[in-house]
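The two complexes that follow have subunit A in common; it is paired with subunit B in the first and with subunit C in the second.
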Partner chain A sequence: MLTRLFKSRGVGKFLRNRLAVGALVIIGMYALVGGFVVLGDVFPGKAGISLKEVEEPIGPPINFPGFLERAKPEKRAEVCRFYIDEFKRALRSRDPDARRENLKQIRYAERIAAPLEPEALDTIRENAEAIYDELSESENLDTDPAMLPVIEKLEAECAKFFAPITGWNKVKHDLRWSLGTDRQGRSNFVRGIYSIKVALAVGLVVAFISVLIGTLLGASAAFLGGWIDHAVVWLYSTLSSMPELVLLAVIVYAFSGTMFDRASSPWLALIPVYAAMCMEFWIGPCRVIRGEVMKIKELEYVQAVKAVGFGRMYILIKHVVPNTAHLMFINFSLLLIAAIKYEVVLSFLGLGVKVGPSWGRMIQESTPEVINGFFWQIGWATVLMFVLVLAFNIVADALQDAFDPKHVG
Partner chain B sequence: MTRPILNIEHLSTCFRTDRGTVTAVDDVSFDVFPGETVGIVGESGCGKTVTSKSIMRLLPPRNSFIKPESRIWFRTPSLRAEPSEPSRTDAPTDPSHAEKVPRIDLAHADERFLRGIRGKHIAMIFQEPMTSLNPVFKIGWQIEEALKYHTQLGASDRRARTIEMLRLVEIPNPEKRIDEYPHQLSGGMRQRVMIAIALCCEPSVLIADEPTTALDVTIQAQILQLMDNLKRRLGTAIVLITHNLGVVAQVCDRVLVMYAGRVIESAPVHELFHAPRHPYTQALLGSITKAGNKQHGKRMPTIDGIVPSLFDLPKGCRFQDRCKFKQEKCASLEPGLESAGDGRLVRCHYPLLAEHSSQLTLGATR
Partner chain C sequence: MYAYIFRKILYNIPVYLGIILIMMAALRVNDPVAAYIGKNVTPESIALKRHSMGLDRPFLPIATESESQPFDPNVKPWFRVGSYVTTHVGSDGVKRTTRHAVGIYSPGNTQYFEFLWRIARLDFGTKDKPYNSWQYESENVGEKLRQAIPPTVKVTVPTLILTSSVAIFVGMLSAYFRGTWLDRTLMFFVVLGMSVSVVVFIVIGQTIGSGGLKELLGFEVFASSGYEPGIRNWITYCALPVIIGVVVGIGYDTRFYRAVMVEETSRDYITTAIAKGATKRKIMFVHMLKNAMIPVITRIMITIPFLVTGSIVMEYQFRIPGMGKLLIDALSNKDFPIIQTFSAVFALIFIVTNILTDVLYALVDPRVRLS
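Let's look at the complex of A and B:
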């Protein structure tokens, strides 16, 4: 069947559509990144991105801007102040062992405290604090150009707190900071990337299960007829009479207070989302495939295999369902987009992803930032989602064009 | 004398419709002997296809049923090895018959049992070769599938047998064709594949429901020739359903003529064509057009009137409204299927005399 698929005109037609191939490449890149992130769950700390890494701050709990914008002097001073205070707290103790222990605790992703004696670090801190005091002379740092060299001096002093980072770690560090931090000092870049995994996981699982349920129910309803058909039609009519989002929200809400709500594993915590979406999204494929099977079952080859002696269920599974494969493909790609979008919506409402980041949560958390003109978090989450959904839309469209029997020939 | 492999007694098939129950096949009886070809002819809607599907029990149980008095006795030596249904099976009571071959009533057998009969003992081919093969599977796979279900052959044996079957139905280059999909084959080739699927398990009866209607004339002749050859080679009995009298004349041994759900005449093919006894048969033969005869400027001979609706059958003979020889008795009493000598049966109060009818027929066709 697969070889025929690749030889078929549909695939050729699809590959001639340059836009669709480009979109497919983009989806492939997302899939690679998503796969890389998953490695973090399999080998935590060694490869990929683990949940712990995502939730850890990479700097002070301040919204720090990413590329395109230089941080304002006020903010830069604030960051230095945070580091000075951090080291002050670590070095407060008189006991040298306790000091060393405290210094070991200071860790921001790749950055760790410089391997100097505590006394040396204390000197750096005193110098930095002296420079910081100079800043207090100014009324408004942001509008005072005279203070800029002082701030640069302060930043150079504070940089001595940390061991210099080199090579691969430097690349990782720059990437982490490339899109700034959120109000808890976590990297926007890493959180957005990690959310690709969440989005793809929800999309793939939901689309696969929904198409499976929809195909089985739709095909058996049409093929077996009678009360099964009535039951299935009644079920999907009832479900589709309710607004999609309301129904999703209600089903997810019904899970609150259960073990999934308290689960610490991001996989377990997603189960209510999967369940709600699968309960809702099987309707689309079910309806389409029911119609197709009603057509197919009247075709002569179904009669012909019946005359060879096969039973009804065998004919349904082996002869009828494979003939609906093109509809399964198209529905799969459509449901993937729908699932990703609804995951974001649900997470935005606080009902979807509860452990770890997701684009919906990032957008929700960025509400106060946007008021302050800080657009990195919402921008990054939106761009990632937009590109993925757009790419899938283009691919789904091209699939439909290429495999719709009405256009072939 | 050999026993019939299939004897159909009083077969009546009814459909439930919104307008009430309609009897599409009414009290049809006939025998099929091993190795013979029986033709069933008639106009569209006369019940030919319903008869064939009733024998295979392929009609949807939801809206159709076979009347309880109907019997479809099927008899084959290899049935003894099958788990047969004791209630409906009866061994022949004749002690002089050496071979005790059980027979089984297909009309009331259960679905499970029928699945062992279909394809293995009675196979069927359909009218439309373009849609009779599943488009997503290779033709080889589709033949092997039947072998897998009905035989114990291993994978390599099945493939060898499939190639052999394709060669038997005269498909060129079967080793290559086996891996092709139906859309890569022409209509005639597909019908050959259908015949290969039907015959791969060596059934004792092949029901062909208008096998050549959708094919062009040269391919028709090839397919008929092929079926005839295979019948001789494998000893399969064929029930050929068609509305093409030319096809009947070419391959059949005996012919049943059906009209409005009833058999109206049954005769060996030669006798039927030479001396039809029923006015309908005669009119049917009269409406065959022939190339090169002196009919220029004349209207084509047709049968006036239309087939009566099955919902509204006339009292008496069903053909009365269109019959040229109608008399008073025809309108009040339906004739029975009476013997007309030489193993012929005819359902008419006033069957045509042999000389008379042959003259009429020849006059019309010449």
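Let's look at the complex of A and C:
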């Protein structure tokens, strides 16, 4: 079925559309990144991005801006204060072993406490405290240019707390900090990248299952007719007579309290979302393919096979369904977009992804930040989603033009 | 015509019965009481909650009653069909067997028909016959619904009118200047807008519209969230959601209206009009707009349910106590009576608009009636 589709004229027409091929390349890049992230679930700690890595803070619980924006002096002082306090807590104990143990606990992704004697670190801390006290003379650091060199001195002093990062780790560290941190000190960059996996997983699983169910039901309803047709039509007209978001929400509610609701694994926790969306989205392909099969079954070649005496199921699977492959592809791409978009809306409402980040959750969590003028988190989530959805929109349009040119609307 | 309307209503009744059946069944897949209360409660309070919503009655006329969760003693089956036994291993590792008795019950005693009867009367609780929310125990679901409708209407109706009129205008403009830079820029922005999530528009729009505008003008035009009744407060609390709703909705509609208008230009009557010597503007706004009315009306009616959906997110973010916000709140509180009622009402609105669409469609295009 696939080989026949790939030999058809539509493929050539699709590949001649440069924009669509470019969009396909972008989707491929997303898929690669998503695949890389998945490695984190297979080999935790060795490759990819694991959930633990995403959820752990890489710095103080402060919205720290990304690479283009210099943080305000007030914020920079706040960050230094956080590190000073952290080391103060670690060095409070008198027992040297306990101090060493506490220092080992201080760890922000690649950054670890400098391999110095606790006493040496304590002097650094005292120096930093002294510089920090100088800052308190100023009333408002943000409007006081005289304090800038002091802050720089303070930052230089605080940098001595941590062991220098070199080589590959330095690259990783810079990437982590490149787009700032959220209010819990987690890296926006890593969270956004991890969400690619979530979005693609939701999109692919939902689109695949929905198209499969839709094709099976739609084709058999149209081809076999009778009570099967009535039942399928009743089922989809019933389900489509319910507002989409309400149906999705009700099905997600049906999973509340089950093992999927409480699951700590990001894969299990997604199952309610998959189930809800598949219940809703199979209707589209089912309708389209039912209509197409209605037309196909009257064509001469189907009549001819019937006359030869083949069974109905054989004709359906061998001769009718393969001729709807182009519609399956178009619907697959359309549903992918719909699933990714609905995942974001559901997560935004607190009904979708509950374990780990997703673009919807990032946008929802960024609401208080946006009011304070911090756009790094929402911006990154939006850009990632925008590019992916735009690419899929272009591909879906091109598929439609190439394979189903008579379609209107 | 009346026969057509009657036929449409008749056709939609089993659909609505099906929706209620599927929805109620989905809400009962997991015990709603257990989801609401959690684990550490007395069996009495569970039984009380169960009884308050009639969850201790059969769901459908044919039902199974188990020993561990017996039905209300007042509900007697007409006759028993039989029984079966299941065994399961409890959390303490002991194997237990439970008997389930299958019986046929009077439909009046079943949850399904009782709830349908409620919907038919639109009666969701009065003072004497309570049908109260679980979360807010003194509040009737019906009362909450009545309070939730005005805010929702205040947001959705202006959004619908504005979105449709602006989208038709822009779509026609785009079709009129087809192929020029104006058309291309408009379509570029439309596709751009379609690819950004609704929630981003809402979050950013909320900040710019309330905080940003306040900083710019020095006084508050739109509140960032909240709601107060009264038409005078409309601008403060509802205008910003409406504006954002229009911006979000316009993309999809414009693309559709443009496609409709472009398709219409290749019709024969347009050629006739051109041959007759009518100006381009006259053809566009007199001949074409009239004939494009069929898809336009259908489209407007189709967008109504989507508006309801869109208003759920809008109300949630702007803290407007409309139907959508109440439903989402109820979902996070596991407030079963509200979830069930509000979903049913949402579905009812959806069905009614579906019927209205078909009727309007038939009014505009007589061919539909006869087929």
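Everything below uses one rule, namely that the second predicted complex is superposed on the first by the 396 of 409 C-alpha atoms of A that agree within 3 Å, B and C clash if a C-alpha of one lies under 4 Å from a C-alpha of the other, contacts with A are read in each partner's own complex, and residues count from 1 in each chain.
In the analysis below, a contact is a pair of C-beta atoms (placed from the backbone, for glycine too) under 8 Å apart; a residue touches a chain by one contact, two chains touch by 3 or more.
This one's a predicted model, so the numbers in the text were calculated from it and none came from an experiment.
Visitor: Identify whether subunit B and subunit C fit side by side or clash on subunit A in the overlaid structures.
Guide: Aligned through their shared chain, the two binders fit side by side on subunit A.
Visitor: When the shared chain A is used to line up the two structures, what angle, as a multiple of 10 degrees, is there at the CA centre of subunit A toward subunit B and subunit C?
Guide: 70
Visitor: Would you mind checking which one, subunit B or subunit C, touches more residues on subunit A?
Guide: Counting residues of subunit A touched by each partner, the higher count goes to C.
Visitor: I'd like to know which partner A:Tyr108 touches here: subunit B for first, subunit C for second, both or neither.
Guide: neither
Visitor: Per the contact definition in the header, classify A:Tyr132: touching subunit B only (first), subunit C only (second), both, or neither.
Guide: Neither subunit B nor subunit C is touched by A:Tyr132.
Visitor: With both complexes overlaid on chain A, does A:His319 touch subunit B (first), subunit C (second), both or neither?
Guide: Touch status of A:His319: first partner only.
Visitor: Applying the document's definition of touch, where does A:Gly309 land relative to subunit B and subunit C: first, second, both, or neither?
Guide: It touches subunit B, and subunit C stays clear.
Visitor: Determine, under the contact definition given at the top, whether A:Gly225 touches first (subunit B), second (subunit C), both, or neither.
Guide: first
Visitor: Figure out whether A:Phe281 sits in contact with subunit B (first) or subunit C (second), or with both, or with neither.
Guide: After superposition on chain A, A:Phe281 lies in contact with neither partner.
Visitor: So, A:Glu300: does it touch subunit B (first), subunit C (second), both, or neither?
Guide: In the superposition, A:Glu300 contacts subunit B only.
Visitor: With both complexes overlaid on chain A, what's the closest CA-to-CA approach of subunit B to subunit C, in Å?
Guide: Result, nearest C-alpha distance in the overlay: 16 Å.
Visitor: Quick check on the output: what are the common subunit A residues between the subunit B footprint and the subunit C footprint?
Guide: In subunit A, nothing is touched by subunit B and also by subunit C.
Visitor: Within the complex, which stretch of subunit C touches subunit A?
Guide: Residues 12, 14-16, 18-19, 22-23, 26-27, 29-31, 34-35, 191-192, 194-200, 203-204, 206-207, 211, 224, 256, 259-260, 263, 305, 308-309, 312-313, 316-317, 327-328, 331-332, 334, 339, 343, 346-347, 350-351, 354 of subunit C touch subunit A in their complex.
Visitor: Which residues of subunit A touch subunit B in the complex?
Guide: 1, 4, 225-226, 299-301, 303-311, 319, 322-323, 325
Visitor: Please name which positions on subunit B make contact with subunit A in the complex.
Guide: 56, 58, 62, 111, 114-120, 123-128, 131-137, 145-146, 149-150, 181, 194, 197-198
Visitor: Would you mind writing out the residues of subunit A in touch with subunit C in their complex?
Guide: 234-235, 237-239, 241-247, 249-258, 341, 344-345, 348-351, 359-360, 363-364, 366-367, 370-371, 378, 381-382, 385-386, 389-390, 393, 408-409
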